[in-house]
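Down below are the structures I want you to see.
Two complexes, one shared chain (chain A), two partners (chain B, chain C).
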Partner chain A sequence: MPEMTLVEAIRQAMDEEMARDERVFIVGEDVGKRGGVFRATLGLYEKYGPERVIDSPLAEASIVGVGIGAALYGMRPICEIQFADFIFPAFNQIVNEAARMCYRSNGEWCVPLVIRAPYGGGIGGGLYHSQSVEAFFAHVPGLKVVIPSNPYDAKGLLKSAVRDPNPVLFLEPKKGYRLLRGEVPTEDYVVPIGPARVTRPGRDISLFAYGMMHYYALQAAEMVAAEGIEVEVVDLRTLAPVDRTTILESVRKTGKALIVHEDNLTGGYGAEIAALIAEEAFEALDAPVRRLCGPDVPGVPFSHPMQDWFMPNAPKIAAALRALAAY
Partner chain B sequence: MMLSEQQQVDMFWYMLLARRLDERAWILHRQGKIAFHISGIGQEAAQVGAAFAVRKGEDWVVPYYRDLALMLYLGYTPREFMLSLMGKREEPSSGGRQMPSHWSLRRANVVSHSAPVATQTPHAVGIALAITMRREDKVVLTTIGEGATSQGEWYEAVNWAAIHRLPVIFMVENNHYAISEPIEKQMAVEGAAAKACGLGLEGIAVDGTDALAVYDVVARAVEKARRGEGPTLIEARMYRLTPHSSDDDDRSYRSRDEVEAHKRRDPLLRMRQHLEAQGWLGAERLQALEAEIKALVDAAVNEATQAPYPAPEEAAGPLFCSEVTHA
Partner chain C sequence: MATPVIMPQLGESVVEGTVLRWLKQPGETVAEFEPLLEVSTDKVDSEVPSPASGVVLQILVPTGQTVRAGTVLAWIGAAGEALGGEEAPAVSPAPAEAPAAPTASPLTPGRNRDLGFISPVVARLAREHNLDLRQIKGTGEGGRITKKDVLRYLERQPTPTPETPAAWETPGEGDLFRPTEDVPSAAPSAPPPAEAKERLIPLTPMRQKIAERLSYSARTIPHVTTVMEADLKRVVAHYTAHKPLFARDGVNLTYTAYFALAAVAALRAYPLLNASWTEEGIRVYETINLGIAVSLGDEGLVVPVIRQAEGLSLLGMARAINDLAARARGRRLTPDDLQGGTFTITNHGVGGSLFATPIILPPQCAILGVGKITPRPVVIEDAIAIRPMVYLSLTFDHRILDGAVADAFLSKIVQTLQTWPEA
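For the complex of A and B:
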């Protein structure tokens, strides 16, 4: 099994899906000759031509809206939003149109659409190239929200997303595009949308994370393991629909929960996990549920000292784990 | 492309059917038998003129909420309209989930639309893109009010279709009011057709109270689109003879004199006079048509009144499709 980076796994998933199914096509800004600003579609324009790798006008609402139309006709579009920060002009199309189509038509129309968007900070991107947008979308019934944390999952989950008859928002941790490496089969496989995965078993604290934060969560778990704190790390992988069973099983085992995300705290996705645990596993808790999140400021600042202040990382997570272990 | 006597009488028949159904909806609302109605009175000529220019059941139609006459031509039945007004289960657009007149009819290639305006225009373009990718010779007809051409999504979509020369006919039903706002508050140009020159496609204004004139213009645009020569923007000028909806009172923003003046240019009157002048519609035939339509409307109301409501718990879904069954 070859080792590859996150972005290479994502590219391979699209390449294989386009080869498998001629209805699959890519549309977005700079996805053609340029191969995408992160090179996620590198080489696909040359391989599949301008009809299936479409350089769109610089207008996100229509990237998604045109994708929806093509999906209604039976195509399988993969829409790329260049940065998740730019997704808001398409918010109406995603939330009001793609997500509500099946329900509002009583199942007559479905939207087999994938929207890929790089998200997250720590890359010197400032307010508008660093955002985490998952909470806005995980709130919406009718939409699936997937965030891979490693190349293997990224390839398998993206293939599942392309084959799903429903709209899937696929958020890619951009800081991990070249940092996250791992073995990826060259043959066809899928990772189902829905199940979370316990990536490190432990008995003392459940640590819930996704995307880039999962990488730091594993590092933090390793750091505190030397001090005798055994952390169970759960990679959520899919925020909607969320894997309630795996989350609750883990908390019932450990009795303590820490949720980590880089999106800001208030109304963030961690609140939903905390509420789920409080409602369903209250009697198993030995400590209050804790959240370690980005601070409630309007964005990730550009200047490095301020960016570092914003971003959760392994030492911050380790500190939160120690505090929770001591409770 | 001359229409035969029979076709022209048929045109009038659909206009008259739409008018009588629409009038009945207002009555049912005043009787407290339905909760809401949004009217197409005054717009029937343009809708039927355009409808006759497409291949029914083969071309795709992405309408907006005033298009009752267009929908009837495409196969939507009086009974289905009444079911929609009453929120009954068998209503085909949404099973009672959407407000009345939010069309969807898969058997007629009519795509579900929402209430935020211009959201449907990118879908029409996406369908046209898919048609082009599949090398088919179908076209897409999409309609909209003139107020909605102020939306960014409308410009984005028309721009996209113009860039890729996609087979779409954008018909603006310029009824001169967006609820209370006259056209002068929507645009600095004289009408929506003038916007075409900034977007790089042909723009044509036509008298929207003249069904035959609209048919001619749309039929030429359809043929052009089928030849692969790109989209056309058609502005059909007409007048909204009723308040915006059953919740609106238009006396607060326009004079009765103004409305009365436009009633003298009622598109139904115009079509009737044309048919009379041709010797194709005498008093006896008109009476027969009216009687036939009254019977249809009465039957539709009766059947819909007796039809069941959805069970409350049907509101729980469907959130997702299990497979893509269309196209």
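For the complex of A and C:
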């Protein structure tokens, strides 16, 4: 199995799906000749031509709107939002149209649409190129929200997303595009949307994370393992629908839970996990459910010391784990 | 200064309890933490330890009476100590007058003056294992008792099940499974209150263990049962012909041996049934350790294990079952005999049951239930014949298996039994 980066795995997934199914096409800003600002679609324009890799105007509502229309017509569009920060002009299309269509038409119409969007900070992107938007969308019934943490899952989950009859928001941790590496099979495979994965078993604390934070979660678990704290790391992979079984099984085993995301704390996705644990596993708890999240400020700061202050990282997670272990 | 004995709150939603039995009478000496009385609630029975060393000065709540948590049950003090006026009021039946913070209750989640914060899981473990948390040293923040502290404490306690002398069944006529006659259980130590139309059977350690394991199984394993029937004509013929031959070798041949052998053949063909679900993956065992459920009548049920059953002939299997029977009869089963099973057979048919849906013994994948062998009319091609028929039910862990594999496995058992060689 060749080793590749996260962005290479994503590119390969799209390449293979386009080769497999001629209904699959890509639409987004600079996805064509330029190959995307992160090079996720590099070479696909040359391979599949301008009719299947379409450079769009800078108008996110129309990128998604075109995608919805094409999907209703029987196509399998992959819409790229250049940065998740720019997704909000398309919010109405996604929430009011894509997510509701199947329900609204009593199952007669479905929207097999994938929206890819790089998200997250730590890359010096400042307020408009660093946001985490998952909480807004995980709230919406009818929409699936997927966040891979490694190249293998990224390829398998993106292929599942393309083949899924429902709209899927596929959020890619952009800091990990070239940092996250791993072995990826060259043959066709899928990773199902839904199941979380226990990436490190442990009996003392359950640590829930996704995307880039999962990478730091594993590092932090390794740091505190030397001190005798056995952390079970769970990569959520899919935020909607969320894998309640795996989450609850883990907490029932460990009795303690820490949830990490870089999106800011209040109303963040971690609150949903914390509430689930409190409701369903209360009698298994040996400590308060804790969250380690970005601070409640209006954006990831541009200044590097301030960005470091904002972002959760392995030492910050390790400190939270130590506090929870000592509780 | 006399110390009150207070009715503990034995669970979050348990607000009252019944005095089952006083273990000390007025005038008797009692040590701190020594069991003083037994109380019963709708959820749990528990011993209440004495909160202080001294003499039982006065018992305020007699056996059989139900009172609210927080009620003063008795007074402990120095010999001859007089009780002050404020210590006189006994029963507090009025719910309006909420009892003072139940300082004697070790089990209430929340702030507790003696023990520090009791987390939900610690409260639950204490309730499930009937623990007095004051005996456990806390190592958490501010000396709080953590889940780990409780688990460590439980690990140090001797496991009661294996060494408890049980009234072993005497297997008669080669059958391990027939329940014994009613074993008279120890007479209840206190007569039930006259008005109560019920009686309370105290939980033996074995009953508690069974309850714990079966509840765990039912709670965590998605059970599915599939049922098939088998025509035992050939097995019965073989059994009839070979029973005297085996007897000459000192082996008592039973039908159980045939079902066991058929199960082994099917387990070899479908190793996924000889497996355990774990978080890392499905653990498939190469060795087949066959558990055979043995009823002990009222006492409960044990499942001794035939190790490496895959190497056994019919003679060997019959001999292994005889050996378990003999050792059960002689109360010589060791804890090792009861561990390490990878698949279980239960013969509920001896009680007349046609088919049942047994519960899996974790961490096993499946359990085979054998019903009563009974002559029934069956259609064979265009004719109706009377054949010795049996229902076989297979309960399996649906996380490991899907119905197709389970049915293929059960078909293999049926096929093995129906094509039993004549020789």
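One rule holds for everything that comes next: the second predicted complex is superposed on the first by the 327 of 327 C-alpha atoms of A that agree within 3 Å, B and C clash if a C-alpha of one lies under 4 Å from a C-alpha of the other, contacts with A are read in each partner's own complex, and residues count from 1 in each chain.
Heads up, the rule we're going with is that a contact is a pair of C-beta atoms (placed from the backbone, for glycine too) under 8 Å apart; a residue touches a chain by one contact, two chains touch by 3 or more.
Keep in mind that what you see is a predicted model, and the values were worked out from it rather than measured.
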Fit or clash between chain C and chain B when superposed on chain A: fit
Partner chain(s) touched by A:198 [first = chain B, second = chain C, both, neither]: second
Touching partner for A:105 - first (chain B), second (chain C), both, neither: first
Which of chain B and chain C A:286 touches, first, second, both or neither: second
C-alpha centroid angle, chain C to chain B via chain A, nearest 10°: 110
Partner chain in contact with A:314 - chain B first, chain C second, else both or neither: neither
More chain A residues in contact [chain B versus chain C]: B
Touching partner for A:255 - first (chain B), second (chain C), both, neither: second
First, second, both or neither for A:327, with chain B first and chain C second: second
Nearest-approach distance, in Å, of chain C Cα atoms to those of chain B in the combined model: 21
Chain A - residues contacting chain C, complex: 198, 201, 204, 249, 255, 282-287, 326-327
Parts of chain B lying in touch with chain A, wherever the complex brings them together: 60, 62, 92-95, 97-98, 102, 104, 106, 111-112, 114, 116, 119, 121-131, 133, 152-153, 156-157, 159-160, 163, 317-327
Interfacial residue positions of chain C with respect to chain A in the complex: 119-124, 140-141, 144, 146-148, 279-280
Residues of chain A touching chain B in the complex: 25, 51-52, 56-57, 59, 61-62, 64-75, 77, 89, 92-93, 96-97, 100-110, 112, 141-142, 165-166
